[in-house]
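Each of the next two complexes has chain A plus one more chain, namely chain B in the first and chain C in the second.
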Partner chain A sequence: MSGAGAREAVFPTRQVLGQMKSKLKGAQTGHDLLKRKSEALTKRFREITRRIDEAKRKMGRVMQIAAFSLAEVTYAVGGGNILYQIQESAKQARFRVRTKQENVSGVFLPAFESFTTEGNNDFGLTGLGKGGQQVQRCRETYARAVETLVELASLQTAFVILDEVIKVVNRRVNAIEHVIIPKTENTIKYINSELDELDREEFYRLKKVSNKKERDAAAADVEREAQKKKDDSSDEDNVDEEGRMQTKDLLGDQDNEDVIF
Partner chain B sequence: MEGMLYNVNNGYIEGIVRGYRNSLLTSQAYSNLTQCETIDGVEERAIRHLNIALTAHRCQATARPSLRRLPGSPAPNPSTSALANKLTEKLVSEFRYLQANATGSLAKFMEYLTYGYMIDNVALLITGTLHERDTRELLERCHPLGWFETMPVLCVATNIEELYNSVLIETPLAPYFKGSLSHQDLDELNIEIVRNTLYKNYLEDFYNWVNTHPDVRGTPTAEVMSEVLEFEADRRSINITLNSFGTELSKADRKKLYPSFGRLHPEGTLMLSRADDVEGVRIAVEGVSDYKTFFDQTGLNQGGGSAVGNMSGGTGGEGKSLEDMFYQKECEISKLAFTRQFTHAVVYAWVKLREQEIRNITWIAECIAQNQKERIGNYISVF
Partner chain C sequence: MAAPPSAYKDRQFLAVIGDEDSVTGLLLAGVGHVTDPPDSQRNFLVVDQKTENSTIEAAFDRFTQERKDIAIVLINQHIADKIRHRVDTYTAAFPALLEIPSKDHPYDPEKDSVLKRVRRLFGE
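Our next item is the complex of A and B:
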């Protein structure tokens, strides 16, 4: 047991060690990739922040001009009735927005795109008697203002989404870096130590066995030596015996040596 | 002759109107107004100037404070539209006072003055009815000068046919509807055309009235009013032509909207009806030196129409626009009307000048509120 942190509950076997090693490798690759993704997203995030800043400043200017052009309309027409009429005569959206998706390192950011439908001029005749030009121009100015707003909206959405995604990615990076990798490493260490332990035990056992075997072998040798010696000493007898073998006692009772007197 | 007996019936009114005229803001007062930093300042100074101007006419001293902000009004920073509303209210109350005192042909004359506003109101109500809005809500938006007794009845009508058959014919505007418009015309596509047709009929009728009515015919009233109305007719013709470029209004329809009198009539209007662009309009009005000068000054003949409107939008350009020129001219004519004695036209002139004053004050307040001081001097002051 390595006391240096958590490890996974596994049986310390060689197979699991292999698995753990590949897991560690995977975790490291994943960590690298996620780190790179996070960096890319952060870069994008900064860019968007900068663009939001620009867009907001632009919006301030544009809205001011637009509000002023409305003041011009009021001046030219000389009353508030025109506003109501314009509200009433607008039936269809001329200025529309559609979304498309943009892929930034695997994150889908919605991007709003504004477009004006052609031939949709609902209040073309408003202010025919007086102020018509102002109304038209005011509309153009406001169309520009809304364009800026749409741009800003798509940037803000991207901003929020990216912020979320960056948080998630960073959490993953940190989790891999600080939890998964150490845990896996600990497990590997643990398995290694256990395996070493087993190895040592095995080695000891083998040693014991071989010792025993050696001893046995030695004993056997000694015995064999002794046997050999014995055999050697009875070599002369052997010749006899050979001769005797030819004249083997047919009765088969060799043990009964001939009693020679 | 008319000088001898005019004051018997109308002397009081004329006196009052001349008093009102003296209370109009002078260029000095305007330049003081432009120095203000806040709308509150504008309001304060406007009140002060108006009061100073009014000391000679005590009958007005009580009415002026209506300009002042309402006590307990929730907005600490009054909006420019509230300011404009107050000023309009003031104008209306003065007008009502005059109207209450007017008799005979002057009363009729003042009624004619309100018809223009009535046309706007009726157009507004028709728009509302077409979209099935709550007409009661619309009544609040109507111009108070154009209020007529049967107007709330318009709310009863729920569809256009009913509105036309049972209600519109009861209004003072009925003669203008008669003959030129049927209820099929009152659909939403051409509400602007309806409005302009009515206005054309109104101008013609008014012109006809000042030149034929036994009390008015041959008097300075007829002279001055003819000039004013001719100018108004020409202005409308030119504006309609300019504003109709690029819209679906056909030339034949456009021609129907031109009043059939005025200095441009008939050759000028004929040419206007054929005009395709600003250049065509310029050629059409060349016969009248005043309008030619306007066009030359606004640089329309070179600019190609980019600066037609008032203040030339956000696109810059310091020169005055055509519409500014027209307003300027209108104010000058109105100013000159005060040089004549024993005429109803002073009432008309006074109303027009007051309207211009309201627009000027609103403009200045708007410029201050939006911090656009560079264009603040674009008001029109004739005194």
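Our next item is the complex of A and C:
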């Protein structure tokens, strides 16, 4: 009955019943759609985690190669001075990233894209004395390594955002499935039972009324019959001395006084 | 839900926290950037034996929270270990935090905060 489970605080009327039914339908459609969205996102999510795993391993190798090329530089230049020199001469980033968006079932996933600005070169004079070739090679190696890192970073960002979005979507799916739909169903059940109750009440009342009417009619009949008999018996008395029968008022409004305007 | 475009539109630099070799290499690739004076800030921090953990944390906070122009923070894994609690609790999408191997410390996937989350999600 209406006591079982939570329901919305509504008046049990037919209009509200209609509203609740359309709400239930909407909730079911939304549930289906969200479920599908969640599945699509999860599929993407798994793909991304797999790629992250691969990219992390690749990064390990790439960074190793890059570190080796840097060791070559220090060896060729001879002395740790070059490292300090490089740190001090860094002024403007040549290697930058920009973000672009990718749409996965309504979720915008930002992806980093690396680009190099032309023109400014902070390390133009680095390794001028000796080891210039090694410095050049090292820069290229590291540029490739950083590209790998940027790729990995965009995967990771997508991972973090997708993780969050999937959580939100799943929470919604569960809320609709376990809270909203049962609640609406309960409300519909409550309204139906309440309306049935009203119907029964109405039917009973009508029956009562018609019974009463019948009884009243029967009583009136009996009375009329008695009246008639009485009238018949007194008709003889109503014959006046001229022998005329006093006519009875046919309209039956002998009690009403005549209205005179 | 997903971050609005304004959260990452202006982010275009990479930041590095690492030992001397890693930082130098990445600087050679051209990621280094010093903002205009008077408050010139570098987007890299060289960590050696003498660097205090508080300095690393301050740099980490600066790169992840204060500066809005950094898209990716690269941090050496052995340095991330020093401030592991900070790295593990960092969950924001921007800037992306990436643990990278260094010359002396080979990459260990077991320690990586993101890979840990991956594994936890798949119940391994």
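In the analysis below, the second predicted complex is superposed on the first by the 207 of 261 C-alpha atoms of A that agree within 3 Å, B and C clash if a C-alpha of one lies under 4 Å from a C-alpha of the other, contacts with A are read in each partner's own complex, and residues count from 1 in each chain.
In the analysis below, a contact is a pair of C-beta atoms (placed from the backbone, for glycine too) under 8 Å apart; a residue touches a chain by one contact, two chains touch by 3 or more.
As the structure is a prediction and not an experimental result, all values here were calculated from the model.
Annotation for the three-chain superposition on chain A: chain B and chain C fit side by side. Set against each other, chain B and chain C touch different numbers of residues in chain A, with C touching more.
In the superposition on chain A, A:132 contacts chain B only, with no contact to chain C. Touch criterion met: A:150 reaches chain C, while chain B stays clear of it. In the superposed model, A:71 makes contact with both chain B and chain C.
In the overlay built on the shared chain, the residue A:92 is in contact with chain C alone; chain B does not reach it. In the overlay built on the shared chain, the residue A:60 is in contact with chain C alone; chain B does not reach it.
Of the two partner chains placed by superposition, only chain C is touched by A:142; chain B is not. Of all Cα pairs linking chain B with chain C in the superposition, the shortest spans 6 Å.
In the superposition on chain A, the residues of chain A contacting both chain B and chain C are 64, 66-67, 69, 71, 126, 138.
Considering their complex, residues 80-81, 84, 120, 123-124, 127-128, 130-131, 133, 138, 141-143, 188, 190-193, 195-196, 199, 235-236, 239-240, 242-244, 246-249, 257, 308-311, 313-315, 323, 355, 358-359, 362-363, 366-367, 370-372 of chain B touch chain A.
Residue ranges of chain A in contact with chain C, taken from their complex: 49, 52-53, 56-57, 59-60, 63-64, 66-67, 69-71, 82-83, 86-87, 90-99, 101, 107-110, 112, 116, 122-123, 126, 135, 138-139, 142-143, 145-146, 149-150, 152-154, 156-157, 159-161, 163-165, 168. Residues 64-69, 71-72, 74-76, 78-81, 84-85, 88-89, 121, 124-134, 137-138, 141 of chain A are the ones that touch chain B when the two sit in their complex.
Considering their complex, residues 1-3, 5, 8-9, 11-14, 20-34, 42-44, 46, 71-72, 74, 91-94, 96-98, 100-103, 106-107, 109, 112, 114-115, 117-118, 121-122 of chain C touch chain A.
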